[in-house]
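Following: one structure in structure tokens, then a few remarks.
Order of writing sets the labels: A, B, C, D and E. Residues in every chain begin at 1.
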Amino acid sequence: MTVLSLRGINKTFGAVAALTDIELEVDAGQVVAVVGDNGAGKSTLVKILSGVHPPDSGTITFEERAVEIPSPAAAHKLGIATVFQDLALCENLNVIQNLFLGQEIRPLRLNDVAMETRSWELLRQLSAKIPSVRVPVAALSGGQRQTVAIARSLLGDPKIIILDEPTAALGVAQTAEVLNLVERLRENGLGVIMISHNMADVKAVADTVAVLRLGRNNGVFDVADVSTEDIIAAITGATDNAVSRRAQKGASK
Amino acid sequence: MTVLSLRGINKTFGAVAALTDIELEVDAGQVVAVVGDNGAGKSTLVKILSGVHPPDSGTITFEERAVEIPSPAAAHKLGIATVFQDLALCENLNVIQNLFLGQEIRPLRLNDVAMETRSWELLRQLSAKIPSVRVPVAALSGGQRQTVAIARSLLGDPKIIILDEPTAALGVAQTAEVLNLVERLRENGLGVIMISHNMADVKAVADTVAVLRLGRNNGVFDVADVSTEDIIAAITGATDNAVSRRAQKGASK
Amino acid sequence: ACGSGSGSTGGTTGGGTENAKVAFLMPDLASTRYELQDKPLFEAKMKQLCPSCQVIYQNADSDAAKQQQQANSALAQGVKAIVIDPVDSAAAATIVKSAQSQQVPIIAYDRPIPATPADYYISFDNEKIGSMIAQSLVEHLKADKAEGGILQVNGSPTDAAAGLIKKGIHSAVDPSGFKLLAEYDTPDWQPEKAQTWVSGQITQFKDQIVGVVAANDGTGGGSIAAFKAAGVKVPPVTGNDAEIAAAQRIVAGDQYNTISKPIKIVAEAAANTAFQFMEGKKPAGKTTLYNTPSELFVPTVVTKENIKEVLFDSGIMKAADVCSGEYAKGCEELGIK
Amino acid sequence: MNTTTTDRQDERLQERAGVRGALTDVVERARGGDLGVIPVVVGLVVIWTVLQLLNPIFLSSANLVNLTLESAAVGIIALGIVCVLLVGQIDLSVGSVSGLSGAVLAVLFVGQGLPVWLAIAASVILGAVIGWVYGQLFNRFGVPSFVITLAGLLAFLGLQLYVLGTKGSINLPFDSGLVNFAQLDFVPAWLSYTFAVIAAVWLFASGFLHARERRRAGLSARSVSTLAVRSLALLAVLAFVVWYLGQTRGVGWMFVFFVALVLIMHYLLSRTKWGRAVYAVGGNVEAARRAGINVRAIYTSVFVLCSTFAAVGGILAAARLAAANQSSGSGDVNLNAIAAAVIGGTSLFGGRGTAFGALLGIIVIQSISSGLTLLNLDSSIRFVVTGAVLLLAVIVDSVSRRSRTSHGRA
Amino acid sequence: MNTTTTDRQDERLQERAGVRGALTDVVERARGGDLGVIPVVVGLVVIWTVLQLLNPIFLSSANLVNLTLESAAVGIIALGIVCVLLVGQIDLSVGSVSGLSGAVLAVLFVGQGLPVWLAIAASVILGAVIGWVYGQLFNRFGVPSFVITLAGLLAFLGLQLYVLGTKGSINLPFDSGLVNFAQLDFVPAWLSYTFAVIAAVWLFASGFLHARERRRAGLSARSVSTLAVRSLALLAVLAFVVWYLGQTRGVGWMFVFFVALVLIMHYLLSRTKWGRAVYAVGGNVEAARRAGINVRAIYTSVFVLCSTFAAVGGILAAARLAAANQSSGSGDVNLNAIAAAVIGGTSLFGGRGTAFGALLGIIVIQSISSGLTLLNLDSSIRFVVTGAVLLLAVIVDSVSRRSRTSHGRA
């Protein structure tokens, strides 16, 4: 079942056309990897889906209904949870406070204990190496923050999870746990959109790969029948690219 | 020749001992990869070397002289250029302004044209996909920002370049260019400290690998004689870890 | 006059008063009198003398530079005369200069402009006011055979008029034989500040305080509130300006005196003089002060004894305004209806 | 406490338990500069010592009683300022709003003869409406709050003058309940002591229950002895304060009211979802928005709260003076209220600060003002000394924060 | 311009060249809300129209001449405020410092009989020293600049009273060059026109040379026609202004001085390494520090600059009034100077703003004040209307900025 589908999405920032006529489909229980070069418009697409920016034009269909996503709160309500590339954490709040921001347990008399317990659970599950959850996020390392952001998206009960380069700052163990997590999410029937520059990770967990290039669709592939080289060629727009040249050089050495 | 060596570096933040008794050596023309789990203390080490935090104790030797690095300006003066994990760009300034921050051409009547020309050169070299260098950095994508930060460290005339997860947000092509760049730097006789969670990249360009674990040294390896599995075991502290389990599962599928 | 590029001044030069404008520039809002008494009285008299004339009223809110701006703007509008109560007597010299350089006569009102003589000066004397309220208090205390000292609550340290009043108060208190326990320059004339200070002095001097000389009704009210709040008997406290609230306190017996300036007379005299200037005449003063033809009026100290005659019988205040609620009883006792 | 709890398993954490542990913790935090309000308290002690040396009346019971009463009105305004500063905005108009509210109270109560509670309600509602308008202007047009409230500063000053109209100054009757509340009503000694005991018991009980809950959930918790020491300390301090103030007139109801508001705000800010949202918006408004927080509602609520507190402060100021006049709320009310918040550790850039900060900050400011008032200096010298002492009080705090930055906790 | 230049190779960029392209660019930026000072100018036009409709004297030449002269002193102070706001700090003491500097000038010049240039130099140096002290306190102890300058506000007010002593107010002689400069010296018409022509030619020449250099380096550049149109427009505007003001007294030297300072500050902020560092510190102080910028030196320089400008403004204010008195610099000088900077588009959070903002901001403020002065309103109404008009002026600007945010350029 198609949970989310986009048609003809456009977005310009000043003189830059960040997205032109974008199409995308995500089914329940499917992991769609969105890949593309830097500045290809992946994060812009994510922000449109999560209500951060309004699109200039185009339609979004969610569970067969045309919807508007004017604000992040609207996206939350639809069941779209997002891990942003820039994480969007409040540096002055501690880990628990960030995790439960906007979805605190017992709003009128916060239940610290329950929240702390749940925080530890989530973080352990991602094998986070965070010494204390009572320090402000400002004091965490890059990977620790990313773990917090990922953990946060798992609270609530989303139907679609969007991960914008979730493993960029993670250590090897944490990356492995996130990939496990993505697989669990798929098994639970959630739609997952994962953005990544790491082709190995993409090939490991994604079902389909959508390539963006300079703000336009540049092909959708089934992971099973596409080679890493083909994806990279679609990303860079040429079969002869920095990656292939490097590979050749390495081989010739 | 050893350009930089550290002995017995300690650093605590409040109740957390971030670094304990750290040793590290970097030679000219050598690429040292520092790897470790999230929160292992890699970035803290980088910050100590680049004058952002003072160490609590320990000695730093630079070109055979014991030095103190009380401020980033002092690090610049010694010839240590750093790409920070959090990039440390000024969001309100545009790309050119950020690139040349603190080392503008013609201080009393800025030479815009020369700076813009040089900016394009640097960015092209890293095959950055930045539509315009006159937009504030706030409007750039994550990877574009990282490219700007890397380009910045190449200005001036450093003796040591420290790269804290330089390829985390980069696209495949840009990553390849950065790896090429690291190799060029090594050929030019610079010392390079590169932090990365990507073992493939580490194995591709590093000469030695220093592993940190929970703020302590956990072995220094010659890249030529160590396997990826061994490094990961040193990082996680166990041969049975999330990565190996995932690999097994993948294999058994 | 200098009508500048606009038809509204009628374009006539010289003596005509038809549709003429006159500026009435007041200094601050710290005392209510300028807005509540001087302005309406002056306007009324002007209307009577010259029905088509227009009064341009401005209040400088204690800012000399703003007053200069207001004067310049009045000149730009082509006024025929300026009546000014200067924020800063010295600084107003500039205004006099620029008005006279444009042949606009200028009348100093309430406060003098010693440095550059204005064309006329009409006032009561602030220094005299200070000495009168203090003297009245001192005499009262002597009559009561009080023993102890006096607190002195001055006006704003940045207000020149307050400086004059302070000088006057000292001239009466210093030789009185009562010890000056402490004095205080109240920032911005704020009653709250006066209250805070007096509260502190009450803890410090306890029952040594036999009287308080406050430079205006607001600070006087603040002083009284301080005694009330400390739960001690309120000693005689002075005031100045004859505000309604002060009249009420006098009626209720909380405040000893205030001072009523014959604002009606002064404002009307100012209007008269201004009108003569506008007609091109040059009125001669009763005396000469600061090289300026001048007219000075004497204010009256108001206490419980004479409040009925001075404030009510003369029509300055209406019993209805003052004798509301809890003050009705006091009014009745004094025969105010 | 020796089996490792869930939150203390990381081997890089130093183990600390019991009273001793709590103390080590404080020392460690002091070295790291992470001391909360302690530096402000130290600054306060320094000032008090200096002022007491200069004039022995300063720490007399009578003077301290005055101090508490004088702190209440502006302190309440500062409490509102803390809230706006927490979301990274500012309200320059609290002075005018307080003046206007005092004027409206006086006109309705004295002029129109309405019952006092109705007049109070009207003033407070007026304050809330003003805040609501600010919130709308801010949310709709994105005008910087500095400009909105600057416009408000002028407009409501005008309105205050207009409302007071021809009278200029209106006396509130000395025998009205409101004036009594602000001037003469003191808590009876037995009740004060009861309050102190209740506070201490409550601190212990809530701490104990919380610790038990944490221990059950397998988290580290304060030991019973730590809790006991803490609440005994509180009891001792409160009892001493009550006893000392009781030497003369005791604890004023108005001060109790102020402290109660501080406690309520403390609760709202630290223990409710709304409070979390306030800190989040101040820390990173975009992150807060992306977390689904209704950022506009938060801004509006905060502006409303601030203007409401300003109105309440204005009412109390009028009550304390027993008059509303044209200069009420002008002068340094704005600056004092903002300065109290800032001195109490609230950041002008948002996201950092506490309700207790307003309490401490206003006490610092009023102490300086009261102490120097007692010295009977020339006004020129008084201004200079006030500036110097203010700086001194804050340097203590800032130096400790500075050491925090150098420990990487900027 | 049709071969693609180095900086326009990205295929996502729309091509725009020549006058037409420049216009499209403006329209596009207007839609995106990225208009720099244009919205403030629009706000100004709106206010001017309204005020002119209310009183036809407002736009008369005589009144506008007054307006220019009245803007200069506070405008210069606002220029300093722009600098401190750019680094994300604030100076609340500019009013007191300007008052003190006026007082020192008067005492030295009139009281002590020193030559006027020496008295001016002394006052300016005093301002600089004050700023230096602020810088030291800020850098050494990390006290928030709000508190430091609040202390300064009080201390220097005290010092001002002390310096003026019992006199309270000191007149400056009318025939001194300084007073003439501020009151009576106007630029001769021929010279004014020459200035206008020089400005236009200079704009064209520098633009042309820059464009040539860019083209040589293979970068896109403005076409000659765009440059010509731009400088002709400037010429037309300036010539009209000169002509219109020349209808009465012309352009005052004091205003020329102010504009010259604005141009110098514009150059320093936008074309020097120091200016870059100022913006960088305001945008992200930690990033600036890591880039090797001497952040402390930048803070100090900015505080020094601000206090120095405050001192200069104070001297001019005293000269214009031909007197220094106890209330010089008090009242709304502080608020007006800060408001001018903010209205001119300077962010209170640092990193955004221009020197021209101070010029436009102060003209907005003085226009409102002058226009309402002409209206002859009751003070209470005047305050209300001032607030309303101020809000109106800024809403235009803010609405356009808001649309910027919604276009993702927050």
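By our rule, a contact is a pair of C-beta atoms (placed from the backbone, for glycine too) under 8 Å apart; a residue touches a chain by one contact, two chains touch by 3 or more.
Just so it is clear, the model here is predicted, and its values are computed rather than measured.
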- Between subunit A and subunit B, the fewest touch steps amount to 1
- Identify the chains in contact with subunit A as well as subunit D, in label order. B, E
- Count the C-beta pairs in contact for B-D and for C-D, then report the pair with the higher count. C-D
- Centre distance in Å when subunit B and subunit C are each reduced to the mean of their C-alpha atoms: 74
- Task: Averaging only over C-alpha atoms, locate the centres of subunit C and subunit E and give their separation in whole Å.
- Result: 38
- Task: Would you kindly tell me how far, in whole Å, the mean C-alpha position of subunit E lies from that of subunit D?
- Result: 36
- Note on the structure: dist(centroid_CA(subunit A), centroid_CA(subunit E)) in Å evaluates to 46
- Task: For subunit E, write out the residues touching at least two other chains, lowest number first.
- Result: 10, 12-13, 161, 286, 378-379, 408-410
- subunit C residues counted as touching two or more neighbouring chains: 29, 35, 157
- Message: If a residue has to touch 2 or more other chains to count, which residues of subunit A qualify?
- Response: 13-16, 129-132, 139, 214
- Message: Which pairs of chains touch each other in this structure?
- Response: A-B, A-D, A-E, B-D, B-E, C-D, C-E, D-E
- Message: Give the list of subunit D residues in touch with subunit A in this complex.
- Response: 6-7, 10, 12-13, 210, 213-214, 217-219, 271-274, 276-277, 279-280, 282-284, 286-294, 351-352, 408-410
- In the complex, go through subunit B and note every residue touching subunit A. 13-16, 36-40, 42-44, 85-86, 127-132, 135, 139-144, 147, 165, 168-177, 179-180, 197-200, 204, 214, 232, 235-236, 241-243, 245-246, 250
- Query: In their shared complex, at which residues does subunit C touch subunit D?
  - Reply: 29-30, 32, 35-36, 157, 182-185, 187-193, 195-197, 199-204, 217-218, 221-222, 224-225, 228-231, 243-246, 248-249, 254, 321, 324-326
- Item | Interface residues, subunit A side, partner subunit D - complex | 50, 52, 71-73, 75-76, 82, 84, 88-93, 97, 100-104, 107-110, 112-114, 116-117, 120, 129-134, 136, 138-139, 152
- Task: In the complex, go through subunit D and note every residue touching subunit C.
- Result: 55, 57, 60, 62-63, 66, 69-70, 110, 113, 161, 166-171, 173-175, 182-184, 249, 317, 320-323, 325-328, 330-332, 369-370, 373-374, 376, 379-380
